[in-house]
Amino acid sequence: MTEMNPNLVVIVSPNAALKGPTKAREIIMEKGIPILSISDQPSKKAFYAKNEEGKSVPSVPDSTGFIVLPMDPMIGARKEFLDPTEMALFNAELIKLLSCTGVLRFIQLEIEKLIDGVKSGKLPDLPKITLKPEQALEAAGFENPYAYSKAFASLKMAEIVADITTTACFKEQNPDKYIPMVSAAHEVLRAATSLADEAREIEKGNNTVLRTSHSSSGKIQRKKKLLDKPQ
Amino acid sequence: MTEMNPNLVVIVSPNAALKGPTKAREIIMEKGIPILSISDQPSKKAFYAKNEEGKSVPSVPDSTGFIVLPMDPMIGARKEFLDPTEMALFNAELIKLLSCTGVLRFIQLEIEKLIDGVKSGKLPDLPKITLKPEQALEAAGFENPYAYSKAFASLKMAEIVADITTTACFKEQNPDKYIPMVSAAHEVLRAATSLADEAREIEKGNNTVLRTSHSSSGKIQRKKKLLDKPQ
Amino acid sequence: MTEMNPNLVVIVSPNAALKGPTKAREIIMEKGIPILSISDQPSKKAFYAKNEEGKSVPSVPDSTGFIVLPMDPMIGARKEFLDPTEMALFNAELIKLLSCTGVLRFIQLEIEKLIDGVKSGKLPDLPKITLKPEQALEAAGFENPYAYSKAFASLKMAEIVADITTTACFKEQNPDKYIPMVSAAHEVLRAATSLADEAREIEKGNNTVLRTSHSSSGKIQRKKKLLDKPQ
Amino acid sequence: MTEMNPNLVVIVSPNAALKGPTKAREIIMEKGIPILSISDQPSKKAFYAKNEEGKSVPSVPDSTGFIVLPMDPMIGARKEFLDPTEMALFNAELIKLLSCTGVLRFIQLEIEKLIDGVKSGKLPDLPKITLKPEQALEAAGFENPYAYSKAFASLKMAEIVADITTTACFKEQNPDKYIPMVSAAHEVLRAATSLADEAREIEKGNNTVLRTSHSSSGKIQRKKKLLDKPQ
Amino acid sequence: MTEMNPNLVVIVSPNAALKGPTKAREIIMEKGIPILSISDQPSKKAFYAKNEEGKSVPSVPDSTGFIVLPMDPMIGARKEFLDPTEMALFNAELIKLLSCTGVLRFIQLEIEKLIDGVKSGKLPDLPKITLKPEQALEAAGFENPYAYSKAFASLKMAEIVADITTTACFKEQNPDKYIPMVSAAHEVLRAATSLADEAREIEKGNNTVLRTSHSSSGKIQRKKKLLDKPQ
Amino acid sequence: MTEMNPNLVVIVSPNAALKGPTKAREIIMEKGIPILSISDQPSKKAFYAKNEEGKSVPSVPDSTGFIVLPMDPMIGARKEFLDPTEMALFNAELIKLLSCTGVLRFIQLEIEKLIDGVKSGKLPDLPKITLKPEQALEAAGFENPYAYSKAFASLKMAEIVADITTTACFKEQNPDKYIPMVSAAHEVLRAATSLADEAREIEKGNNTVLRTSHSSSGKIQRKKKLLDKPQ
């Protein structure tokens, strides 16, 4: 891939602190190619270090950016519970949640900025952030404050899915204990997605759903009323 | 109250580590009366201390028991958001959640054991525990494992309500930021309660709801089928 | 309690016409202390008498007020059906219903008026009313007329819960008959609460939920938009 | 119609005590033709009289039977609220409720008995009853007791729709008052129907829905499992 | 009926291309009485013919109009599945769907135009149309575009019910295959009706439900706000 | 890719009849590598031809297999409506639907058979089919016949999404007409997915959800009870 000599590489993976993604970043960095990593909560280990006051701060080369998504939890990876059908269901719920709550649009907008930079010859500073609910929700563009609250709640619920699956997959060895746990984690996600959907339905009921499609020139356009033209 | 010279005092309060409940326990202990404290997560400070290996362990006199309920979260106590109606709603949701998930029955059964002990002249060891979801769910008596998982999920969701309200009430000073937070916390609780209700409805659909009413002699009786006699 | 010589006593009980609450009122009245009784439908026997035209009218001393709540029904008190968990569930549903439909705020506002009177040295006339749905709903402050209608419906549904539980508890002796009845009564309440919740969700969707929190001086403040300051 | 000299006439109408249906019954009775009236709660005036002890008892000629359906309420007949669309909606909800709760099957079975009698040359005693929830629910054939309870609740809710519409249509003259009332009455019905549907869904979930179709010979056949043959 | 010499006859039937309805139209036409047929998709065979370019076009005498409703599907008429209760349920769902989506009001308005014409002495051209979703939805008068979309979706779902029941009733002979099919068809309808109801609830939440009741003079009046007078 | 000289190539694309996928198949076939194409309804043009009786039959070389999925509809690809968020939502709903209804497991099992063949040195006949609902549902493994019916209904609803989006994207040029259409198509999908989820919830309520995970040796194992071991 590095032979294509790209202006920017975006790496999306679970736990960017693992050997694989770490090696990938090293190779690309050696070639002097800017990287944006998009990953989940455990990857913070790769991107943060303690400063002198003992506070955890971003610690990556300038040419490496990252977006850590604490609301992108690990699946309940226990073979007694999972099968391809359950896995696809988990991912479907999660994609819906990340869409309704603005996480996906946040990423769209960040990548857009980078592409615009590449086009204009000057890549902007790469984002180095752990995504907060408020940032995702701003991208979502909710107008009704209760829709906003419901989506906020949905994001916090997504965060704890990982707490439960981590315990179930790495700490608990008794199937009679970890099976109900992974099952519970997926129920939390299902409820969280349902709440995110509820938030979007409120906006639909008020005809205020934000859409950010691309014009034929590639520019992002915005609209809120369903029958309006994007502008 | 101590003048009534009771065999046992049960104290229910938020944050048992605060001055008021702490003073209450001191006065009662001085009289040599056993105490059972029922309280929420922050009260762990009152009941636990680090042992030599640095591990947090129960640290109370023999005559003091406690049941810490991490699933009993603080309300979103910000005056821009709360009013008596909203407060009653929060508590109604929470009572429903604690009922459906077995927390309430766990307490019923624990107190029952103590009362039986008092009656028979020998108070048993007082419980010194932080309630785990699994313990509550065992008391709930679910037969369907997905009902169990949903109730488990509900309890984990209740736990994070406190994380959000604590931030909103004690760390964030800007109303534009903390109002959506407290509102989101209440939405998490509403979703959690709805999930607990879903669990109970599954058991109703299978006619397996556990009931533990009292016989006229005061003994707890059990039944599962709606039309059965409790026994 | 009368030794504290209060300016006003508020008595909340089921069936205020029973011996206990009646005796309590007599004792307090003898001391010349004003009373406000808050109770349910059967307590009308205590507060109303037929006038010359045979019409039922309030019939209490000036120093006794009452708020009769026909929407506060008796629980399905049959031991084959009830247990502490079921009882807590019933009460949770009912508190939610009374909150969403304005009953709770109506009481808040009435008591507030009395407290203001006590503070200013002149207790106003005590309320002598059987609460109508319309009065509760006005306190609820609904803006959307269908939310209002749904809450109205919810209150009427709450009223019939008592009809069913009364028959099941006092008239029907066959468990095979009264168990389904009490179970049905609780289902009516559950459906009624769900409808009240639906009404509140409509108002949330329009950002018009009324909140009446207290200022630090104790005055009631109002607001409708979630992010507004109460005033 | 009487010229066709039928063996039995079934008259279905609202309020069978009104002039029209009363006249119809008179004409048919004069011809000596047996009648079964199916009507709603207000029609009790036509079919019941007080006996010597002052108790209301059926009081009709032998050749007249009746089935009074207290769960078949009057519509909210106020022109500010109704239009053909709203009326069709009300009736659709009601038909669904009466179907799910067994009322419709009760009538099917009663008429079936009469037709069988006519065929065999001897009309059985005509029913003279006010339908109780328990009778309808027995016809519905619920196996799950909570489904039974939900359907029971649904029937009781249907009964109060009429209380509200009667007040709104005949007692209250102020549109600002009666419009919300009729709207609330229809919300009660909508909630009642939803509960009846919930009951049926439980039975579907257990594969125990009773079906009573006709064989080609006209005999009623029964089945419960979806893939079974009716027998 | 023709002896009453009416100005217009409206015939409502399934499949107007069958012998019965066809014969009925012939008899009435012979008397020179205008006819409006309202029927379902299969009746297109009766009203359309191919023109010279091979395109299907209306082909009926001037005195015959028709409204074909593709969203009025055949029931799942297999005796293993149907019984009077299931049939009433199917029809209840369908009436609700046709009401919420404007189909019923479209017919109301068309018939109204004809009645007005008859009254004024000149019957207007009879409608000769296959109803499109857009025409029904215009009559429904939705203001929120997502409510409109949901109702649109509901109408398209109603159309496929017939595809499934037709296969199940006429092509498939194995009960193990056609029973799940007819059951599935009814589930499509139930989901479609639920979506239509969702559309109406959005309009209720915005207080924009169109009502078209009749004035005492018989004229259609319109209103949108619940508490408004029709005009 | 062909340089890797694989035993089998699986190509997943929309409309396999388009130039791109067709070219891909040609290149791979030239190398003598077997192909399995997985695609949607319009791709039938690539895989079927009319036989002598004018019937459409599979018409591909032996080394080419295909699975056509009529329940995998085109998105509502109109820029006024779509944006990356809406697109992700559409796909999330669809993945959930295809998972719950067994489509995904059908593909899993088919591919598994091919891999087993490759491993054992003899590739079996490649599937040449247009997936029927019954085939998907058999893979889903529903035990409750109403869950089966609901999933069946969901699949039929998914099929018509494509009808609507095709019209909206290729036939209708007026945005005021095609925007509501694409929006309606997505509402059909959302309702279809919700129905598929309902089906799965019924199976969860009966503890009969089929899971087909892989053993460590790669073999597919089955289980139905949540706490069972896969076997």
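All chains are identified by letter, namely A, B, C, D, E and F, in their written order; residue positions are counted from 1 within each chain.
FYI, contacts are C-beta pairs under 8 Å (C-beta built on N, C-alpha and C of every residue); 3 or more make two chains touch, one makes a residue touch a chain.
All figures in this text were calculated on a predicted structure; none of them were measured in a lab.
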So the chain most remote from chain F by C-alpha centre is C
Comparing contact pairs by residue number, the option in C-D, A-B or A-E matching D-F for over half of them is A-E
Interface of copies chain C and chain E: same or different residues on the two sides (over or under half shared)? different
Whole-angstrom distance, CA centroid of chain B to CA centroid of chain F, is 47
So, in whole Å, the Cα centroid of chain D is separated from that of chain E by 27
Expected list for chain D, residues touching two or more other chains, is 145-146, 149, 179-180, 183, 205-206, 226-227
Contact graph of the chains (line, ring, star, complete, other): other
In contact, pair by pair, are chains A-B, A-C, A-E, A-F, B-C, B-D, B-F, C-D, C-E, D-E, D-F, E-F
Within their complex, chain D touches chain F through residues 204-207, 225-227
Note: in the complex, chain B contacts chain A through residues 133-134, 145-146, 148-150, 152-153, 156-157, 159-160, 163-164, 177, 179-181, 183-188, 191-192, 194-195
The chain A residues in contact with chain F across the complex are 79-86, 88-89, 91-93, 95-96, 98-100, 102, 104-105, 108, 175-176, 179-180, 183, 211-215, 223, 226-230
Contacts from chain C onto chain E in the complex sit at residues 144-147, 149, 202, 205-206
